[in-house]
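Below you'll find the structures, each written out as structure tokens.
First chain A sits with chain B, and in the next complex the same chain sits with chain C.
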Partner chain A sequence: MPDQRIDTYPTHQYQGYDLRPGRPLPFGASLVPGGINFSIYSSAATSCTLVLFHKHEREPFVEIPFFDEFRIGDVYAMTVFGLNWEEVEYGYRMDGPWDPSNGYRFDQTKILMDPYARLIGGREIWGTDPDWSDIYHHRARLVADDFDWEHDKPLETPIEDLIVYEMHVRSFTAHESSGVSKRARGTFAGIVDKIPYLKELGINCVELLPVYEFDEFENSRVNEQTGERLYNYWGYSTVGFFAPKASYAATGKFNMQVDEFKNLVKQLHAAGIEIILDVVFNHTAEGNERGPYISFRGLDNKTYYMLTPEGYYFNFSGTGNTLNCNHPIVRNMVLDCLRYWAAEFHIDGFRFDLASILGRAPNGAPLSNPPLLEQLAHDPILAHCKLIAEAWDAGGLYQVGSFPAYNRWAEWNGKYRDGIRKFVKGEPGLVGEVSQLIQGSPNMYASRGPTASINFITAHDGFTLMDLVSYNDKHNWANGENNNDGANDNNSWNCGWEGETDDPGITALRRRQIKNFAAILMVSQGIPMFLMGDEVGRTQQGNNNTYCHDNLLNWFDWTQVEKNSDLLRFFQNIVAFRSAHPILRNRFFLSGSDYLGLGVPDITFHGTQPWQPNWSDGSSRTLAFMVNGDYARGGAVRDDFIYVAMNMYWDAVHFTAPPLPAGMRWHVAVNTAMPSPEDIWAKDVEPVLDGGEILLGGRSVVILVGR
Partner chain B sequence: MALSVNVTEQTGYSIAAVVGDVDGATAPELQEAVLAAAGPGCRLLLDMSQVAYMSSAGLRVMLLLYRQISANAGSKVVLVGLPEDVQETMAATGFLKFFVIADTLEDGAAALNR
Partner chain C sequence: MAFDAKLEIANGIGRITLSGELDASVAGDFRTKIEEAASQKVSKLVLILDALEYMSSAGLRTLVFAKQKMGQSVKIYVVGATEAVSEPIKQTGFHYSVIMMDTYDPGVIES
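This part shows the complex of A and B:
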């Protein structure tokens, strides 16, 4: 049998290039025997031309029009033979109507990037000014996709066991104090160098701020007061959904970012750490009608964007345009994209930025049964991926607790953040709400379980944990918008002085508050997440919207690992505490009843006295609860009793823990009122508590272990 | 820049010296020469000290080489004199730890015997 296919021969020629009709699927550019198959969709273009460049050359070396017989339906597909896939960059010119009021914005003078491009050139080295006169900025390239994964696969850690660490690739190791080699600072390779730190911290999942190719120069400007360059630093504005950001790779200048990123995933997995990507499908980097032509606008504006009846861009994202996610073509692109990252990059989960937009119809109206969200929930390739929604958008849709979940989606629980912040700050009347929050918010997720709730106090949006206890108000002057940007409802408290201080009393109180937050987060049912650097007191100087800063307002300052070693030690131990106690990580809600007849219900609430929670007193700032370890994992696993007492009143209060079954004693695992290292004890060395009475200092949390 | 691969036989092992740039255009030549020199039971020093530039296609040849020697028990290859750029690229992408590397031919020959 001949070993060569008979369709590897050209049938057409153009200016010396051998061609044949291509295959319409898969979309994008694929390596085929002897050549490259190019496939691109447009529903309204009248003609399409493939534009080919040699790498790093300004002008194309050939422009090949798609012959009539190369178009099938709305797809232009052509195989070009004899190209060196590593050396070629490609784009498209589309001709068609210029009629903005009807949604058409074709412009044959623009060279357009393939939305399915898996490698994108043009911004290989972070912060290096591109040639602004370039006719084609974000240049599509090809990849082999033949990474040697050996035995790696996604970890499929049960979601209830996750402890998530939200981090920014560049910020994590950009600072010289990271100890990472100069070339690898701020890159995927830099994170690999720091995996031992993550292991010691004890987290088992990292969630990366956007890593899809974006343009740090988008809306870049100079802060007039400081003279500093402001960037699109966080990257919440996608240029290409299928390509890892080149300048996040030490090897980006050699176009090896795909391999470098895959190696990061492989090494994280080897360390038992999952990786979740923060994905931004609600809008693109093309902005509104005044924005640039990068890709979608020139390929098929009307299909890819939500447009007003007059042909302007709906702006539910707050950034100029809105991706038309529930159009069948766009829906398939999103699905193709996530499948690619799950299958080819072994990604463990996705967090969807402004996910409520994904539930809007092409005319902007919220859908009760959004096809995209349903499809993602039931997709076979994504079946074991974590799907996490940021369940609101900038168009006023707020769906925390009501996001269309299909028993599959989890969501950032913004109400957890707000409620716990207020409670720890010392606001009265919150004990009822807090009792729900620490159970995984059964009042919100009754049918979904605590695993629907990603619990967090801090995330990239807003104050860091240190700033949350150091500032009453935002201080966003460095952003160059007269302190008008960023949220005003921070529920923060500065502990008596706005900003940095040497006052020992204030400093001690701040550290205690940080520990209170960490302790409550780690004993709550649901999935805890905290922000990179919170464990070492990272500060943004009161800035609660640092999206534009490529400096210490975002970077992890590794000298703080030494300076704030007491905080780090507390975090390491409280994370270990959660990991050691399955009763804190249930898939289903605790019931408050003793349904297995074990003598004590799975969870019980208490006040300063056992069995007497103070639900009715509107001034109450104290709450205690106890979980019965025999009910861990619904009674399938044995664990200790755990009693948590929270005193958010400013003075010390006596608490009495419930009596334990005969033969058991209470041990003090955590007392945030104590100085380090007596604030937290490692497993099995916790001191015994004589009797059940304990004096809780003002604004402090005590955790007892009964065994 | 053109690429050449010069294979010389030593007592008990061979040396393949690569000279030139390895990119998409020259990688097929490297692949042919190196895979031929790394047959079953080979003991090979791949001298990379005169490679100024290696692209992803070149690194893929290295990985093919690794896969070929892993499939044949008794085969052994040592990479000698990897330029710093290439070595860092291989480290950042996780490829470096697949290989035994040495700074000089002498060290490489010693590594073959370890």
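This part shows the complex of A and C:
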């Protein structure tokens, strides 16, 4: 008698391959004793064929039709025995109706990728032209789950303590100045090499632009002016939701991208840094009616995409198609995907691109109670993951402040970005709005708390911080779209000259404005996020939509670390300032009252004189506020008093800080009008302020610490 | 150069010397040597890689297998890996599961 049960013996044969009816769940390709289980969904296909390739070979070595008895419901499932899982690539052919006006686009001449593929070949080395005549471009492969995590787990940092750094994997270390070895530039391994830099910067969370497999050659073209290749560089167009991008791994050519990415997560966690993924579930890389067959279109077009009554693709994403996220099948795929990344990759959170699409019904109408968003909010595996919405879409749905949140979702606060930009630019009459924004936008998130607000001035979409203070208008000519792409409402100000200048006055003003933005961002309640390179003055030469550039318009130029060391020093210290003061990082809104009877309310607003904010003057450009450190974390933690004075008027203005309780004195932590290194002081070495009066230079921010 | 794997066991230490190119077609040979070493219950496993020219994903996966097969108590030393071999080991984080050494150090390994 065998000492182990054998219940996966072959029951069928096809061309010498041993088979048996497969397990319908989980979807995808899974290792089972002696073989591989293949499971794929299609509601309208009339037949399905498994297509198997040896790795890198153009032609399949066998095509195995699913026997009738291998289909359960709408799922084709089959176990194939005796395959070498490390050497096999697989796809499917689906037969079914070709009836586009009714949503059916089956074409059995196409080989289709498994939407659950965890490893995808075909684009292993970045920018290397594929074989365009290949009959199967994005090749599904299998992956082992044997990574040694040791004791790693998601960090579960309280969201109110996060300081987020938005970055692009390739851009971070692609430039030779990164010091990363040539083979590892622009990869997950390259980021690992730069973790010490991130630690010194002080951030505790990186948010990566898309890392799911995408095709940089999608819509690739040549810039007619420069002859340079333009790519789908940022990657907001997913090929495979379950697979890390192979060419983002130095070991992608060995098909080791899963391990390399896991090692990145593990090393970031060891450094106390969380990792959030920017996920793009609103559309796929298959485009519209004229797009390629990669996967969904040929598997079950009508299920996976939102279609018009005539069978065309709804285009709420602005990219040609819209994933049908609230169809139960698609909903489950999204859920399976996020669970996989959370459980298998220890991902700490997700930022959802154009998330409002996830709240639309299959017919495109916004739902009042979107099942997908609710399900994600309450999912047990995602329970401690951060969920962040880009709460708008390209179809005109704008839900900042009103995104269906289920007490779980945070939002990129676009209103914070716009309001603070206008204020620092010097527009009058904004002090009331700014008072809300720096509190975490209680006017928008009253029932949700300040942690619903991801505060940011810049992100990948739009100007960098240096460009925000260097350009009035976008300069997107290099994108080859006649400067018609990218946003026109940037709320930017060039400080007196459009673009680069060696005028010392303008240069100094720009640096001061950058510091003003950084200072306000870091003293605001809510979750601060800033863009890779802003800390060293990274420029995109006025281009506010660099989605297609694999060059210095996107790359981090590490020589700027030295050149703009004063900016970097300011960022390091202002991040450290926020980290040192829990009163700036509350989970609940400050109330404006002294509810614990501590003598001073938790937050108070002031004008140039204490207790006299200038709410009514439509020309006001000055505002000050003070937080009482004894109210940190609802009074559970003791902190200093912090007073922040913001003068966005162009001339110097006298401010008087409120008096402190007996025995305390004000210390100057930040004065952006001062040259480096007197612009910011490390904790406990801040100079004492004599008296309470301070002259704020034009367009400057002062932060005092009372203790 | 053709792949070759030799196993020697002495004083409770297993030494596997690899040479040539380790790809999927020969990873099974490497795996067999690891299983042999494990069956002898060695206290340390030394992988001598200075003559190994290339290691594919199947080879890297076999390192993971070695760690799992030998158990946490058995130290695994990877000695003399060339840059072409050591880089992917480090980039995928496998070096945290083993001890990487440039040259064979009897003072460390045999102590």
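One rule holds in what follows: the second predicted complex is superposed on the first by the 703 of 707 C-alpha atoms of A that agree within 3 Å, B and C clash if a C-alpha of one lies under 4 Å from a C-alpha of the other, contacts with A are read in each partner's own complex, and residues count from 1 in each chain.
Convention: contacts are C-beta pairs under 8 Å (C-beta built on N, C-alpha and C of every residue); 3 or more make two chains touch, one makes a residue touch a chain.
These numbers come from a predicted model, not from an experiment.
Q: Clash or fit: what happens to chain B and chain C when chain A is overlaid?
A: Overlaying the two structures gives a clash between chain B and chain C.
Q: With the two complexes superposed on chain A, say which partner A:N288 touches: chain B (first), chain C (second), both, or neither.
A: In the superposition, A:N288 touches no partner, neither chain B nor chain C.
Q: Looking at the overlay, what does A:T251 touch: chain B (first), chain C (second), both, or neither?
A: Once the two structures are laid over each other on A, A:T251 reaches both partners.
Q: Looking at the overlay, does A:W85 come into contact with chain B only (first), chain C only (second), both, or neither?
A: first
Q: Quick one: classify A:N332 as touching chain B (first), chain C (second), both or neither.
A: In the superposition, A:N332 touches no partner, neither chain B nor chain C.
Q: With the two complexes superposed on chain A, say which partner A:Q436 touches: chain B (first), chain C (second), both, or neither.
A: After superposition on chain A, A:Q436 lies in contact with neither partner.
Q: On chain A, which stretch or stretches are contacted by chain B in one complex as well as by chain C in the other?
A: Dual-contact residues (chain A): 84, 86-87, 144, 146, 148, 181, 183-184, 187-189, 192, 249-251, 254-256, 259-260, 262-263, 266-267.
Q: Any idea which chain A residues touch chain B in the complex?
A: For chain A paired with chain B, touching residues are 84-87, 144, 146, 148, 181, 183-184, 187-189, 192, 249-251, 254-256, 259-260, 262-263, 266-267.
Q: Okay, in this complex, where on chain C does chain A touch?
A: Where chain C meets chain A, its residues are 24, 56-58, 60-61, 64-65, 67-68, 87-88, 90-94, 96-97.
Q: Hey, which residues of chain A end up touching chain C in the complex?
A: 84, 86-87, 144, 146-148, 150, 181, 183-184, 187-189, 192, 249-251, 254-256, 259-260, 262-263, 266-267
Q: What residues on chain B touch chain A, complex-wise?
A: 23-25, 55-57, 59-60, 63, 67, 88-89, 91-95, 98
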